[in-house]
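A, B, C, D, E and F are the chain letters, set down in written order, and residue numbers restart from 1 in every chain.
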Amino acid sequence: MIRLSPPGHQRIEFAPYLEVWCGGGEYNVAYALARLGLRTGWVGGLNDSPMGAIVRNHARAVGVNVDFAITRKYDGMGRKDRIGLNFTEVGFGPRASVTLYDRAYSATAGIQPGEVDWKKLFQEKGVRWFHTGGIFSALSESTRLVVAEAIKAAHEAGTIVSYDLNFRSKLWSSKEAIETTRPLVPYIDCLIGNEEDFQKVLGYEVEGVDVEKGELDTTAFKTMVEKVVKDFPNVKVVGTTLRGVKSAGINDWSAIMWAEGAFYDGPQMSGLEIEDRVGGGDGFASGFIYGFLTGKSPQECVNLGVAHGALLMTTRGDTSMITLDELLHVAKGGSARIKR
Amino acid sequence: MIRLSPPGHQRIEFAPYLEVWCGGGEYNVAYALARLGLRTGWVGGLNDSPMGAIVRNHARAVGVNVDFAITRKYDGMGRKDRIGLNFTEVGFGPRASVTLYDRAYSATAGIQPGEVDWKKLFQEKGVRWFHTGGIFSALSESTRLVVAEAIKAAHEAGTIVSYDLNFRSKLWSSKEAIETTRPLVPYIDCLIGNEEDFQKVLGYEVEGVDVEKGELDTTAFKTMVEKVVKDFPNVKVVGTTLRGVKSAGINDWSAIMWAEGAFYDGPQMSGLEIEDRVGGGDGFASGFIYGFLTGKSPQECVNLGVAHGALLMTTRGDTSMITLDELLHVAKGGSARIKR
Amino acid sequence: MIRLSPPGHQRIEFAPYLEVWCGGGEYNVAYALARLGLRTGWVGGLNDSPMGAIVRNHARAVGVNVDFAITRKYDGMGRKDRIGLNFTEVGFGPRASVTLYDRAYSATAGIQPGEVDWKKLFQEKGVRWFHTGGIFSALSESTRLVVAEAIKAAHEAGTIVSYDLNFRSKLWSSKEAIETTRPLVPYIDCLIGNEEDFQKVLGYEVEGVDVEKGELDTTAFKTMVEKVVKDFPNVKVVGTTLRGVKSAGINDWSAIMWAEGAFYDGPQMSGLEIEDRVGGGDGFASGFIYGFLTGKSPQECVNLGVAHGALLMTTRGDTSMITLDELLHVAKGGSARIKR
Amino acid sequence: MIRLSPPGHQRIEFAPYLEVWCGGGEYNVAYALARLGLRTGWVGGLNDSPMGAIVRNHARAVGVNVDFAITRKYDGMGRKDRIGLNFTEVGFGPRASVTLYDRAYSATAGIQPGEVDWKKLFQEKGVRWFHTGGIFSALSESTRLVVAEAIKAAHEAGTIVSYDLNFRSKLWSSKEAIETTRPLVPYIDCLIGNEEDFQKVLGYEVEGVDVEKGELDTTAFKTMVEKVVKDFPNVKVVGTTLRGVKSAGINDWSAIMWAEGAFYDGPQMSGLEIEDRVGGGDGFASGFIYGFLTGKSPQECVNLGVAHGALLMTTRGDTSMITLDELLHVAKGGSARIKR
Amino acid sequence: MIRLSPPGHQRIEFAPYLEVWCGGGEYNVAYALARLGLRTGWVGGLNDSPMGAIVRNHARAVGVNVDFAITRKYDGMGRKDRIGLNFTEVGFGPRASVTLYDRAYSATAGIQPGEVDWKKLFQEKGVRWFHTGGIFSALSESTRLVVAEAIKAAHEAGTIVSYDLNFRSKLWSSKEAIETTRPLVPYIDCLIGNEEDFQKVLGYEVEGVDVEKGELDTTAFKTMVEKVVKDFPNVKVVGTTLRGVKSAGINDWSAIMWAEGAFYDGPQMSGLEIEDRVGGGDGFASGFIYGFLTGKSPQECVNLGVAHGALLMTTRGDTSMITLDELLHVAKGGSARIKR
Amino acid sequence: MIRLSPPGHQRIEFAPYLEVWCGGGEYNVAYALARLGLRTGWVGGLNDSPMGAIVRNHARAVGVNVDFAITRKYDGMGRKDRIGLNFTEVGFGPRASVTLYDRAYSATAGIQPGEVDWKKLFQEKGVRWFHTGGIFSALSESTRLVVAEAIKAAHEAGTIVSYDLNFRSKLWSSKEAIETTRPLVPYIDCLIGNEEDFQKVLGYEVEGVDVEKGELDTTAFKTMVEKVVKDFPNVKVVGTTLRGVKSAGINDWSAIMWAEGAFYDGPQMSGLEIEDRVGGGDGFASGFIYGFLTGKSPQECVNLGVAHGALLMTTRGDTSMITLDELLHVAKGGSARIKR
């Protein structure tokens, strides 16, 4: 997706110009891991217009491989194969950030089963980790099939599969989400999501969930995770971020992770200043995936996830502008003293 | 439509931000005439998102009435009732300007017959002139019907009807255009279009038309106009602009008009410098409509059209930033000496 | 007034460019109420220069009617009928915001008694609420007369009159203010002002007032209000904002209101982040006027005022960029969690 | 004066921000000569607000001495001692540049006779050249007296006096101008002005003057100059620029100069591209003053004037951004080939 | 190199900010060819600072491979391994563009013989074309050796070698250039350079060369080429651009090429408008290399070179923003009519 | 030095443009004191390129005298006499600010002993205070000698000497620093530095110093100062700032000063908001130097230092944008309530 955003704390309605950014769930994770030094690629839909080129250039700039993305000829009108758009403004104080999607009929939503050669990717190319999630699944009838085919191909090839549940009520109903997603879980190694996601996407009822309050009840979360991993013993890791929204620019930020039998609490970053909250969750995901792929302990992984999410939210745009040195410094509790 | 444009001579693919402008065929004409001091309104589709507000605010700022526009609830996703977009870059030298449409499924394309109370507009409100054209007609199945209903209602009420033929091959075929448009001509008083438009939209074959060459053969044009007005004696005025594209920023610019039996050549503006060529044609249309509505002679009207189109192209954006004083000064051949 | 402001936290002295905003006491209230869906108009002075057009376009964009504003021909030099200017910079941390007025000889200051047809407005057009205040009164000898004539005409027509006392020592002395203002109070329904205002503009001595400290003594305020409404039993509502300036960007923010015999405390917004504090008071006024005009209870009205003032200060510029949905969300205590 | 200008070719009415520039007749000349390596100073009115600081900093940055400028306390309101403003937009093609003055009641207009110690400047400090003109004279009753006192003091000290006639109909009538200016000419060494200026400011009737046409009749100019120098034999140099306005951005540019008995034509710069035409005349004046002060021949002086005016118009803003090397290169006919 | 440039036509001395661009002789050619669809790579020096990342990201964004670039640890001080800088402003009218180098001690200048595995590149990777030139040779003692080793390795592997002579008097003397370059010519297939380059870098005396005049004498050029190819019969192609500098923004533009016995004149683009002339020569080189690598005739190759150089100069920055479709359109003489 | 900085909270690696600022230790102090109304000058190296002009103009704009700076001819390449650069980004939240130096081979580093006529400055011109420090000393072999010669000349002339120890490990080793600096202390009146500086630059071992922690142990500092002033009884004042880095944008800020036998604690500014922390230390130095030079008490001096440092950090750039009124207001504990 291309994201168009007013500068500073301006509003979409009144901005004389909009900044151009790129982002998307899987995309943000591939992008961040490339910056941290891993080889990554992104699979999705592009087109041959300048809008498609914006996304392609943006990905390649940091070394994300887009050779397996599907590129179609744009019709010059927008009937299909669009580059999905969102109009996102950064909130301020009591005024929340706003994202306005304009992403129907996108090239990504139009990907068909069979179009991507997953076998080549997972078996010949030897991809070690595959990350996807609920937004891509919800985009269209065909993407649901594509996700299923990809997850199974990855599983078969021994590629680790992570899945961010990410419920979006504008995209589908809870019923559709559950029907689509539960059959996929047996092929998933790592689940990411908050209590609401587990309820709406997997059907686990939890008492007293109110994500609006900005404080997740970690006890309820833990109880629920234990149910999930009992039902799906193939799941090895479950993670979620914890975000307390003091104001648009000040959040309490942490995460909790279950990994093969134990819970690990991430560092509590209270009163964290937020430049742009979009992409924070993907920052957590890419941080802890980085940890697992480089052989860190579960505690180090959740620390990396929290630190990476926090750092990602210090810059505008959905995608990481963080370096490995910076991540390691903050994950170890390093201060914000000037580097010179 | 909202138009998103790179600043200066930058390209869509590489611009860090995009300027926000508004425009559209009928919209540009209503907007320009409001600036010249006439009471005008615009009818089309809007939505209740900030994108809809951008267009609504932009129109109202100069006094264009939007009370008759249809406003729908946006679905937050873009499946329908979108605000149409275009990504437009201003060319330079040998590099042409580019417009990339992303306007399918817009609120305007979704207007249905019966939604607008044309009778109230033309009869009760006493609108004197109604302007529309081929792009709106081509947007969707329903807009074709809406155009027909509007033109007939205007005609019945004694409102003058002008129609800009504007063929766009990406929107429909010549066959569809002809089938849709010819039945409307008996209700039209003023036709605007170049030879290609008359051929593709009304079916008048002309020899040797090559709009790419940048020089319209005024003889062929005149021959063709004579055929048209013989077939449709209700047509009282036919006009077209003449544009010779020396480079993206330097055009030869003029216009020719037939009015009730005679041809009138507009002033020749050779080597005209162009800041942004989009909207030049609508600038011509609004200039000469201004002339007719204020009782000017046909020669004055074509002069006003040429001058207004030229001035409109001295600013970025599709819509006029010109005042009546400036229009009258240039239409009389006034120089560009500093005003202070 | 046109406000020229350095971007971000830059200073007037060093800024390479200045942002263009519009504002003014009555103007801000009319503008905000139009955004909330009410029909409003603004009466003041404009001129026929591009500077006048900036204000006119800005008002009309959100639907504020300016048909009753007085527009004069600008002399091209600035001897009179200027558009008032202010140069305003947003402070940061311990550095205060600064407003530098350059508004003498403005078109608004030049309005003469008899120029505006108040009777038509209040009686024929049926305006329900008239809002003005001490800054407009103080601008010139003639505006004092205009305010008096307007308030009396409104009162006579049964239009509710609200008046923001707003003492400005640069504009006039306390003595002049008292002599001008006290005779108006019998025609006023709703008074807005802090303790200092009541002292300097109406002559009510209060002990221990120090607005610099950033904490109004609500006890003293309440005592004083009781004196005022005893003297002027026609006054039905008295309101004031409470602002504790922790730093230029962090304020404690609330309000207190007396309405027909009882006091109502607004919500305490401690440590409120401020993007631009100018217009916060007008935001309060427009919020509670909205409440009264839509039939809310006094407590709801003060809540709306506090929330609206807080939201208005989340954006640059004096005027509201807030929607009704956003106002209602925050007035009910809603969080700043992202909307998407 | 501070000049506020929309960026690029935007218009005052629609610009979201305005660039901040400084300028003024005498100011521009002092500024340019400082850049060319001469010691210069500027005398005028400033105030102690940030607006005054903008001008002071701007002058000092290139080494212009402002120790003799009069600085007053600003009243925070604009009743007097303002920093004069102008809103200037750069035209494009057939659309002329526009300057909108807002300079009444400025600190410069308020300078009183006796406030500046001219004797100290011209006699003790040994200033070699004093430049002023008709705009400063026309600002107010008091500036007329100040100009007279300064010119006489300069003359008495043996300082060369140059005077740019510069008629502005918005500031005063031709009658006032003539009554004020003719008595000064006996103290002036160098007159600058076009035929219209000589007619309106000194009363020399010339046949067929039409500055609008953009081509001065050099024969008429020469005839007129001969009359002037016969009447005022003390005048040693008379110069004028010749500007043919093809469009706002393309001018024919040259100058003609009479010096002690002979006429010298400057180089013809046909089709000169103009970034910003404001300050071109002052660029001419400073170029030829530089020539005279560094001992160049009259022909070299007019060449320097034409080249310097042309170069000055290649940048935005009224004041020079040109270096001595660049001036000498172009004055010798050097090309615009890249320097690297 | 990173290029820092004032926006628009501003000057380095006065710009409040500078745009960030990337460029360099070989770099520009590799970048442009990647945009045209060929697989390319760039070899040079980078460092591990954010400055190095800017260049690396910029190259990768369009698909230029940088795996063979040498990346060193930056010392945080600039004693060595800097990223070379240039401060470049775009001229206007009679004011020339200016480039100010700050590129000593760069990582590229520090490349040592033996550091790059040319054999792997040319033999194992099968690179078909190697392009370098006189600027890289002149950077330091070590780069001269690196160029020699690279050219010989390419020649040995059958890779085509092109060399842009590009004399720069600030980098070395003609004597050094000749001593360094002549021994390389037997390994070069394609020479690019103007008459001055052939004289200063290869020692061919030509009568009447004056590149300042902006018009190369093609007869002298042809005579000289015939001498060169007689002395070095291995040379198969010799090309040069022809640039007549009417003003900084208007150039006459063409090229001439000798290929295996015959001369081919490129199209004459008179009065070409120039947005930014830097990179025009590299645009020519990449255009004709594209032609040769895709099997075009010599005449088509020179046409592609001229069109590509012209198009490259329609955008800011040294590197191409042009697509293959646009190149082919203009190379065939296509007009600048809007694409929509 | 010229500082190039991304706008807002952007990063060097991803910024499309960089803001241009000027700064440097001694430079910042001279600049700030000039703004406070004192006559100051700066001595260092400049060149004749536009880069040199940027620094010269910036200094002169606020009245800093640069007549004693050494200006050299730039070689157009950067081998020597460069203008030192730094690329500085402002951090956000947990992400620290970053400064990347590129300042080797600068004109300042190249100053040679004997080039500056210190005697003229300190004896004839009567300079009252001379400020320099460890960064300038560390730049090159020659600057060490220049600092020694300057300090001794100042001492001999009775000019007060202040020296900011400022250890930078990238510039030299502690051993070099100690060998260079200790011999200078007998000529220094006022030392500025934290515990680490005293250890690394003067060799005073202190227990438990960890500047990373963001809280200086004032007890250890006091013990150490007592040792220093016992060894060097000529030292009359020792000062240091105390900075607790809560986040990049929130610091605890204070200072402590020893003056002729007693310690003075500055005001505690807890949770101070920081726009740009660079230059804060120089802001402290210039604040307390202002105090001493205008006869304030030691307690007032440290208050001025803390307030001035805090205010300086409310604006972007290394140099002060603060006025004397603002400094005095905050030094007295004044609030950030809007000024209007």
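Going forward, a residue touches a chain if its C-beta (ideal position, glycine included) is under 8 Å from a C-beta of that chain, and two chains touch if they have at least 3 such contacts.
Because the structure is predicted, anything quoted here is derived from the model rather than measured.
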Far-end chain from chain E, centres as C-alpha averages: C
Chain at maximum distance from chain D, centres defined as averaged CA atoms: A
Size of the rotation, in steps of 5 degrees, that lays the CA trace of chain A over chain C: 120
Self-contact between copies chain C and chain D, residue sets same or different by half: same
Separation of chain D from chain E, taking each centre as the mean of its C-alpha atoms, in whole Å: 45
Inter-centroid spacing, chain F versus chain B (mean Cα positions, whole Å): 62
Chain B residues counted as touching two or more neighbouring chains: 7-8, 11, 13-14, 16, 57, 98, 100-101
Chain E to chain D touching residues, read off their complex: 8-11, 13-14, 88, 91-101, 168, 211-214, 245-250, 277-278
For the chain A and chain B complex, residues of the former touching the latter: 4, 7, 11-20, 49-51, 53-54, 57, 74-79, 82, 85, 87, 98, 100-105, 170-171
Chain F - residues contacting chain C, complex: 7-8, 269, 272-275, 307, 310-311, 313-316, 321-322, 326, 330, 335-340
Of chain A, residues touching chain E in the complex: 57-58, 60-63
